[in-house]
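Each of the next two complexes has chain A plus one other chain: chain B in the first, chain C in the second.
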Partner chain A sequence: MISVKNLSHSYGNDRKLAVKNISFEVENGETFGFLGPSGAGKSTTQGILTGLLKLQKGDVSVAGYDISRVHNERFNTIGVSFEQSNVYSKLTAKENLQFYAKLFDVPTRDPMELIHLVGLLGKENDLAGTFSKGMKHRLTFARSMINNPELWFLDEPTTGLDPAIAANIKDIIKEKTTAGTTAFLTTHNMFIADELCDRVAFIIDGEIVLIDTPSSLKLQYGQKLVVITYLKDDQVVKETLKTTDEKDRLRIGEVVNLYEVQTMHTKEATLEEIFIQVTGRGLV
Partner chain B sequence: MKLLSSYIKEMKIAARGFYFYIEIGMAVIILAVLLFAVNEFPTSSAKEFIYYDMSKEIKSLMLQEELDDGTLELAEPTQIKMKAALFSVKNKETNETKTYTYDEEIYHLDTYKVFDQKTGKLQKTIIETGSEDDLIRLAWQEKTIGAAVGMNEAGEASTRYYLQGYETARFQNLLYILQNESPATLQAAMDGMTITKLENAELLNTRQSLVPLLVVLMGALMGFFIAIAYIFLDKDEGVIRAYAVTPSTVWKYLLSKLLVIITTVIVSSSIFTIPVMGAQPHYLLFYTLLIVSSFAFSSLGILIATFFDSMSKTFGALYVFLIAMMLPAFSYYVPSFDPLWLRFFPTYPLLQGMKEIMMKSTDVNYVLLFSGVYLAGGIFLFLFANLRFKKTLAV
Partner chain C sequence: MKNILKIFMRDLKTARRDSMALIIIIMPIVLAIGITLFTPGLADTTVNLALLKNDDPAHIQYMENFAKVELFDTRQDAIARVQKRDDVAAVIRKDKSYEIILQGNEPNMVENYAASLSALYETGQTIEASNVTLYSFGQSTSPIKTMLVNMLISMTIMLAGMLIAISIVGEKADNTINAVNVTPVSQTEFVLGKTLLGGFIALVSIIIALLITGYDDINWLMILLVGVSSMALSLIIGFLMGLMSDDVIEAATNVKMIMLPVAGSILGYELLAANWQWTMYWSPFYWAYKANQLVLSKTADWPSVLLSTGMVLLLTLLVYFAAKPKIRKGLS
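== the complex of A and B ==
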């Protein structure tokens, strides 16, 4: 669905590249996570893939179209949910969706159905300008589904939303990707990526450091840990020990035998921890 | 269909925004001012200061004929409070400079009203001074021309003018010719001229003559400004980026904006043009020129908007452009000021074209020629703006 070969991009005339010679492919029906901190090159890559930024160097095909050529009809099969809400504040929620529906050449979804789906029912006739940030974000997200896209670009789809709404958005994404929609998810939220993505790419300073499945990354880089809290001289002590380390295994036995254990549970490495381990950098 | 949807959407947004109502509100205010504050045929308030450097008998002889036929009428004396003054007057012929010093005082001066022989309307007021020094002082204080009318040795009338110093050489020469050439010479010169009289030529009255200028201001220039404002409103909301990832094309998006602006301009210009001008203008030409000129200026506005990332950064360019575009208004009101360079300003032919349309005798070819120029220029600017927009969508 997406093929990127040797893509580079620079914003100025200087030689500093925002994206440096990256290559990857996204298969049909796959949910591909593009993960990295702010300024890593995620939005630049997505901007090029969606046609908002002009391709400077490299070969890129999206939904079967070579993006170095103008093919507006390709957007009939593409949906884009932006990180920053961008709806017409002087139009109602329903009018916003109705207007965008008319711009496509393919059958579109009923605006009211989408409004209901993202939890804005009852607000369909309110001007979008009166909406809260979260409501605008949901409307932007709903709009990205108006043409039933086969390829769905999602830029930070749950950022800034309260947990209940974020869970609702995640469920909608899961439902659509399960039904066969290909998703290109750009985020710095590793929990979302872990939950939704079939494969993830770590990008930092414009370069892809690795591409793999979350489970494979955990197997490769993760360490199984046991976190124990126990009482020692009337003080609560907490220790994190590796189950793969002989010395730590002996220490677990010692703690259990000698002290009164308060809590003990195993812990799996998160994608964020793996990202820090691989890149040496945090995600902020 | 996509263009129509975009146009309907833009009209809804415009109707819910304030730019649309500012334009309409301005048009209503302009109409009210034109109808209630601007007189169609204003009375003349021109004043002339004259000193008759001759005996009372000769002066009476000179004025009696006009007093008898009613074109001149003795009025109440004019009271003028004279300020203390110190100034110099240079004689152009001798290059001598004389300095005058005065204290504060009050003048009571004989006053005559001059009426038009045909219409009987007041043309000007003549205020007669008692001495040539008083004339000079009045000309200096009132910043106007003073004339001392006398008789030369040959018994012919002669006039000395006291000018302010900023009058053009052309004006000074005109006064010189009028006073120094003999009537026979002037008649011979006039006989040698070919004068073509325009049939049915009828000038616009004061109120009507304001309409072309206001149409240019409310149409072309407001369209230019509103185009920029609309683009930056969309940029601020980010909706341009959302539009860019649909199968619709950028030119449809831009054209829908222009159509809204043209609609607004048609409505606002009609609000004051139709009630003031009535059935006199050639309305088909009026709307043709209005539409193509609005299209051209709005396209220019959109093009300029692509070079900036915020409305505030455009203010410098906007200010310079709007001031420059108003310069042809000087030529419109002062026909003697018509330098060649001014004719290259795009508002010049627009003003002249609108004036032609408003008059009973319209130069159709002139209007159509420049309508074509605006249309071609508008298309060029629109295509250029479209290209620039595609490149700057993500900015």
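== the complex of A and C ==
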């Protein structure tokens, strides 16, 4: 569905590259996660793939089209949700979707259904200019589904939303991708990535560090952790110990022998912890 | 074409909700009404005269050729008529000549008209002999009014450009150009949709303004042609202003800058001697003004209208090609 070979991109004429010689493929029906801290080059990559930024260097084909040439009709099968919401503030929520729907040459979804889906029911006749940031973001997200895209670009779809709404958006994405939509998802939220993505790419400073499935990553990098709570001098103490670490293993035995253990269970490393381990950097 | 119309319809919808855009749409019409009220009418060139029934029948007949004549029994009755609200001049025999009685608040034209007619009558001009002079007096367009209406047209074109600018500034503020760029609508269609907004509103405003001000017997085909070149002008002004500005206030400031060459072109046309007119040939506004002038004063022939509008289009095209990379870049 997407094939990227040796893609580089620079804003301005300086040597500093926002994206450095990256290559990856996204299979039909796959949900591909692009993970990295802000400024890593995720949005830049999405911008090039959606044709909003000019291809400078590399070979990119999206949905069967070579993107160095203009094919407006290819957008009939593509949906794009932007990191920064961008809806007409002088149009109502419904009018925004109605106008956008008309721009496609393929059957489109009912605006009211989408408004309902993203929890904006009752606000459909309010001008989008009066919306909160989160509401605009949801409208932008809803708009990206209007043409039933086969390929769906999602730039930070849940960032900045409150947890309940983020969970709702996540469920919508899950439902669509399960039904076969190919998705290119950009995020710095590892929980979202873990739950939605078939494969993830770690990107940092414009470079892809690794590409793998979340489960394989956990097998490779995830140290098994043991969390023990025990009583010491009438106080509850909690310790997290690695089963892969020699000293920690001895400590586990020590605790079990010396104290009254209350709980003890193992825990998988999160994608976030793996990211930190691989890149040496956090995700903020 | 379908996509162009969709962009146009959305812009129109938004313009209806924008107070500034509404003012821009309504302004030319208000000004046209103003011009009609405060300059001597074109359609209404008939002057009302009050004469006495016992006047020389030859005089009455002569006056009836050029004015709407009302007859009264006495001088008092005629004066009473003059003092009513509308503009009537009484022309009453006094000794061997005539005196003209006015209320005092009539337009100068009424006074001049009555005086000139009387003078012509006294010097014994017959209709036949004075045909040329009198015909032109009664039927030609008022130069001041034509100038004002022409200025109004120039302004309407600029305001229409302003509409495009407002629309683009809005798209920039909402960052919606990106959203349209990931639909099957091409950038060219997007640009043409906005052009249609400016051009359509400019054309409609100009037509309404011409009808209101009474220029309904001009050559409409010519006006349409001038309208097309006006559309090109609105486009270039609008897109440049829109892309140069980040908000409506800034766009309005940029309009003022464009006012300069427009005002300069109009002044140049009106004030420069014929052998200096060439100094204005660089300005598309000059040619647009000139083309309109020819059409409005009904002195236009096709070659000169084609030349003027051709020059407008040519110069606009030059500006367009110079600005094209900037426009393309600004839209992506």
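Just so it is clear, the second predicted complex is superposed on the first by the 268 of 284 C-alpha atoms of A that agree within 3 Å, B and C clash if a C-alpha of one lies under 4 Å from a C-alpha of the other, contacts with A are read in each partner's own complex, and residues count from 1 in each chain.
By definition in this document, contacts are C-beta pairs under 8 Å (C-beta built on N, C-alpha and C of every residue); 3 or more make two chains touch, one makes a residue touch a chain.
Quick caveat, the model's predicted, so the values are computed rather than measured.
Peer 1: Taking chain A as the common reference for superposition, should the pair chain B and chain C be classed as clashing or as fitting?
Peer 2: clash
Peer 1: With both complexes overlaid on chain A, does A:95 touch chain B (first), chain C (second), both or neither?
Peer 2: In the superposition, A:95 contacts both chain B and chain C.
Peer 1: Can you tell which stretch of chain C bumps into chain B once we superpose, 58-66, 76-84, 94-102 or 238-246?
Peer 2: Of the candidate stretches of chain C, chain B runs into 238-246.
Peer 1: Output the chain A positions appearing in both contact lists, the one against chain B and the one against chain C.
Peer 2: Shared contact residues on chain A (touching chain B in one complex, chain C in the other): 50-52, 54, 72-73, 75-76, 78, 80, 82, 84, 86-91, 95, 99-100, 102-105, 140, 143.
Peer 1: Mind pulling up the chain C residues that touch chain A in the complex?
Peer 2: Of all residues in chain C, those touching chain A are 3, 6, 10, 13-14, 17-18, 170, 173-176, 178-186, 332.
Peer 1: Hey, which residues of chain A end up touching chain B in the complex?
Peer 2: That would be residues 47, 50-54, 72-76, 78, 80, 82, 84-91, 95, 99-100, 102-105, 127, 140, 143 of chain A.
Peer 1: Quick check on the complex: what are the chain A residues that touch chain C?
Peer 2: Touching chain C: residues 50-52, 54, 70, 72-73, 75-76, 78, 80, 82, 84, 86-91, 95, 99-100, 102-105, 140, 143 of chain A.
Peer 1: For the complex, give me every residue of chain B touching chain A.
Peer 2: For chain B paired with chain A, touching residues are 1-2, 5-6, 9, 12-13, 16-17, 237-239, 241-249, 391, 393-394.
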